[in-house]
Amino acid sequence: MRGLVYHGPRDVRCDSLPDPTPSDSRGAVLRVERASICGSDLHLYHGALASPPGFTIGHEFVGEVVEVGSDVRRFQVGDRVLASGVIGCGECSQCLRGRVVRCERAPAQVYGVSPLLPGGQAEAVAVPAADRWLLAIPDGVSVEQAVLLTDILPTGFFGAKNADLHPGDDVAILGMGPVGIMALLSARLYGPARIFAIDRVPERLALAQELGAIPVDAGSDVAAFLADATSGRGPDAVIEAVGADETVQLAIQLVRVGGSVSVVGVNVNMAFPFPMGLAFMKNLTFRIGLVPVPELWEALVPLLQSGQLAPERVFSHHLPLSRGAEAYELFDSRVDGVLKVLLDPAA
Amino acid sequence: MRGLVYHGPRDVRCDSLPDPTPSDSRGAVLRVERASICGSDLHLYHGALASPPGFTIGHEFVGEVVEVGSDVRRFQVGDRVLASGVIGCGECSQCLRGRVVRCERAPAQVYGVSPLLPGGQAEAVAVPAADRWLLAIPDGVSVEQAVLLTDILPTGFFGAKNADLHPGDDVAILGMGPVGIMALLSARLYGPARIFAIDRVPERLALAQELGAIPVDAGSDVAAFLADATSGRGPDAVIEAVGADETVQLAIQLVRVGGSVSVVGVNVNMAFPFPMGLAFMKNLTFRIGLVPVPELWEALVPLLQSGQLAPERVFSHHLPLSRGAEAYELFDSRVDGVLKVLLDPAA
Amino acid sequence: MRGLVYHGPRDVRCDSLPDPTPSDSRGAVLRVERASICGSDLHLYHGALASPPGFTIGHEFVGEVVEVGSDVRRFQVGDRVLASGVIGCGECSQCLRGRVVRCERAPAQVYGVSPLLPGGQAEAVAVPAADRWLLAIPDGVSVEQAVLLTDILPTGFFGAKNADLHPGDDVAILGMGPVGIMALLSARLYGPARIFAIDRVPERLALAQELGAIPVDAGSDVAAFLADATSGRGPDAVIEAVGADETVQLAIQLVRVGGSVSVVGVNVNMAFPFPMGLAFMKNLTFRIGLVPVPELWEALVPLLQSGQLAPERVFSHHLPLSRGAEAYELFDSRVDGVLKVLLDPAA
Amino acid sequence: MRGLVYHGPRDVRCDSLPDPTPSDSRGAVLRVERASICGSDLHLYHGALASPPGFTIGHEFVGEVVEVGSDVRRFQVGDRVLASGVIGCGECSQCLRGRVVRCERAPAQVYGVSPLLPGGQAEAVAVPAADRWLLAIPDGVSVEQAVLLTDILPTGFFGAKNADLHPGDDVAILGMGPVGIMALLSARLYGPARIFAIDRVPERLALAQELGAIPVDAGSDVAAFLADATSGRGPDAVIEAVGADETVQLAIQLVRVGGSVSVVGVNVNMAFPFPMGLAFMKNLTFRIGLVPVPELWEALVPLLQSGQLAPERVFSHHLPLSRGAEAYELFDSRVDGVLKVLLDPAA
């Protein structure tokens, strides 16, 4: 089969690779229908993560089951499924309850990043503990929506859920990239009075406005604007969807006394300069975390089915898998209205 | 001044009455700008409540402060204000925190119903403990919205809040009268996947559909319809906005195992036949209660200001106070698309 | 094997019966070590439930696995286990998450009561879906504590959990039978200022007092006593652990405005006379439900292991299974300090 | 009058000062009965805060009202009261609801620290907005308990409340100084299975053990000990009651995936090195904040009255105000079993 492989910084190629096989009797293999590129894939693309030769990338994919181990009970060959981009052992008492990031045997794993777990930007991919981490694509959910359920829609929803939103609140979202857009759509589910969307890119601000938010140019004095708009209080919650040190600090600076900051941008700085004195005066609640993808499907699937969520417009570009190198280049550029890229192995 | 007075079942008249004066040094008097008729006023109209001669009715009103007692600090003559339709003593530790229905001195009182508290369907009305139970009409809130803040918008919101809604839930609302419509608008703030709106009146169902709900004719087999629509589970929550024994029982019958029933319809049957065995198998949470109006303004005002809530369309008819008798007749009839009637003492 | 069988009102006998076999490949068979009699077994004992000939009773039991079906993975012959007294299909998406009472295929089933599910007051018992509804007896948990984990300790804990308790609250518990005692021990976990324990039996009141509660004789004017003790407010929560119409009504009468009533007594009256007008003025939250046993083990097991809960003293009598008839008679009598009876099939 | 005044690092003296007068018509003056020294007073003692000449220190005090402004309604001369150590303007909509740290006019103020707000380690002290921030010493609350209600008991309770504790959880508390002891007593109100108390001082560990905790020597490998005790998971919550960078970092390191860290130690480092990557993998909830003292009295007073909380043993030393210099020296030394010092102006 073919799959996207990291060869070095900004060098991703579509290589020929051996066909995957089930990891064990509980595993399955999917023929990938669609896969997408996530902002966090760019960490790898930029060379921030090592990756062994021949290791495929990508944790957002859906497909058809083409092989199942002997102990797989809930799926069979021919089923169309989506996978959680994050998985656990699948057998401990936490995994049995679907609490993927609380796996008692090891930290949660991510396809295409964690060793031994090749990714799904490929024609086929092996899925461990299939009964636990796959979901049949639900009726009324499109293939593009299904791809979004594997990671970034749950991620954005997790960010909103972690922000302690109540009807009537004001919320600010820093960053209108794909995850920020998912957070915006998700924040709307909590009945805020106003959503302030902060970004530098005019197309992204325009999209945020179209989706009901008040756009704020990140190049302007955001703190002054928000203080003025909220009688000096600041928003009740801030969702950070960038991951940079500056934006996480800005989130803490902006939020009101007694408010919550929820970080969904990926920041792994082990000595992030946290303004503790300010947090103390603000009675801050601060949350950050790897999204527990499968726990959030129960809420998100019916919202997609009923049309309350329509996140698929985040896909600005569709390309065949074979043009994966170009897809990464495009996504990394952030130009020309590129927001998120969907790859089709069959195209 | 003139005011609406109950003279007997279905006999309300616009009488000349003495001008009100402040109850004490903490009281104020308002010149009423607008007042509206509430479904609960019909209890009195139908003769279910006794009422002394010369007692004005109505607990939904807004107006201009025309007189203040010497201990009123937060308001002065000329301020335009709305009043909580429900009040407490205003001085106990619960009232100081705005917890109106927890007043430690006496049960919460309702204008136009509780003895010694004449109502506001009049040219003027006396307001006790003005600092506590009045709110200056906020910028960006229209006079019609202000009237709705005195009771039924908080009531509908309280019903939704008491239903334990989460994003992705299904919720059914029984009754699309004015309070049911408020509950529908409020339920949308909690991100449900679907809202099922049940009523018998086609115009009300049409309005519910326009507001985003799935209309269900109360004359059809509602239980079968909802079971079918929810794979047999039933909705996660049911909001009852009628108050009849049959509809409260239907709510318990419809809700899923582990779900919540929230009653905002007024039911005061002291021996309501509650299906306890069914409730036991359903692990039911059941809530009913008098709305704590002032506690809910903090959430509702910004939602009105930002346009997320636009409840004023519930007013189907506008009449001068002098035509109060006709207004009651009309409202009681439920015909010709009548939904809620607004009275203008100055017209 | 021998087991207790219902032959008619107040006629339970220890009969010889065929040995049980696993229901299917997911089932197991236990040799019963201990079983206990639950207050709800008295419904059957009194003839309120029909029961087919040869049907064993009892849903509280622990034992050793002596046979497993071919698809049982988490247990093997020789394991010492306790069983959830309440089970679901074990395979639907709700059961997979351990949400036993939300089973999507059928209402939750109770051993010894639900058809096709013979009970465990016997030398052996068949357990369906063993992987899902058995728990290995944890280290540091005694056999008596393990028996209590099968039903009444989770039941009492569920009652306390459903009462919305916060540190500093006052709570009243109606009924100091075994479930009431479990509710008392569980309520203490929520930091109440005071627990009022109401019963008629002096020994039970004495035990409640010893466990930290304020005893109140049910024969006195309980409402007056509690009003006086709480400055007229009433307790913040009331837990009903009797199940009679009168006590459920008393609970609603006693609770403060804004409080919660949690019913763990079994009341299956399909036309229970509910004082709705009173509930309306009280802004009542009312909960009742079948306990989701396995969901509560995660909290209860460490509390037993660390000694924070020591519920085993509720066992006032130990008898061999062969004396089951006498055990039922004794338990039904409520005399001589009898509180709960433990049966030993091997004695 | 006499009062303790800061003259320079480690130089506190009991000086003669002018008698205080009410700040305005809403203010009052207290004759101080008892005052205590708080760990946060040591910041000033060590010279970390500037302080104008003649400025008295101390935010923990109780006393008798000796003078009231003309607009004070709830208190009169002769009332025995305790004061919130933290106050707001007392007039904005947040202060009216008792939300002291959300004051809309200015950040919350602390006696003896905030400019214009001299403290209460003195014979007398002026209290602004008396109706809002004083509490009559409740029946059944001793004078020592009353002093603890002014700050550190609410602080410890706030720390426990912010830790998201549930029955059956494991919680670790870093630091067994006076606030840590209050946090321990408060954590017990949430039904944890185990409380791990970490400190270096043997007497403090002994006291923690006596109060029901498992003592852990801070000099040992705490992380290894807790990992071992919790099957590798770590405690569900960690309460930090020291305020040092190292202990806040240790708290994040210790807590389980999905757990909460609650900081009540005072840390005002504006560039605290926060291990964000670790927090991300842990799905961390992190809270820190200035205690909203008056909001917590409602829960704490009945717990003191009923004897569920007995925090007064934290006072290890009683001294007259005139020996204030010695008291500070002693408290700063942490030797000889010193835990907390109570000052008596009349002794």
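Letters A, B, C and D mark the chains in the order given here, with residues in each chain numbered from 1 onward.
In this text, a residue touches a chain if its C-beta (ideal position, glycine included) is under 8 Å from a C-beta of that chain, and two chains touch if they have at least 3 such contacts.
Note that the structure is predicted; figures quoted are calculated from it, not measured.
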Look at the interfaces A-C and C-D and say which one is made up of more C-beta pairs in contact. C-D
Since chain A and chain D are copies that touch, is their contact same (over half of the numbers shared) or different (under half)? same
With chain centres defined as C-alpha means, what is the inter-centre distance between chain C and chain D in Å? 42
Could you put a whole-Å number on the gap between the CA centroids of chain A and chain D? 41
What are the residues of chain D that contact at least two other chains? none
The answer for chain C against chain B in the complex is residues 99, 101-102, 104, 107-108, 231-233, 248, 256-258, 263, 266-290, 292
Show which residues of chain C lie in contact with chain A when the two form their complex. 96-98
Which chain A residues qualify as touching chain B in the complex? 157, 161, 166-170, 186, 188-194, 298-303, 305-306, 308
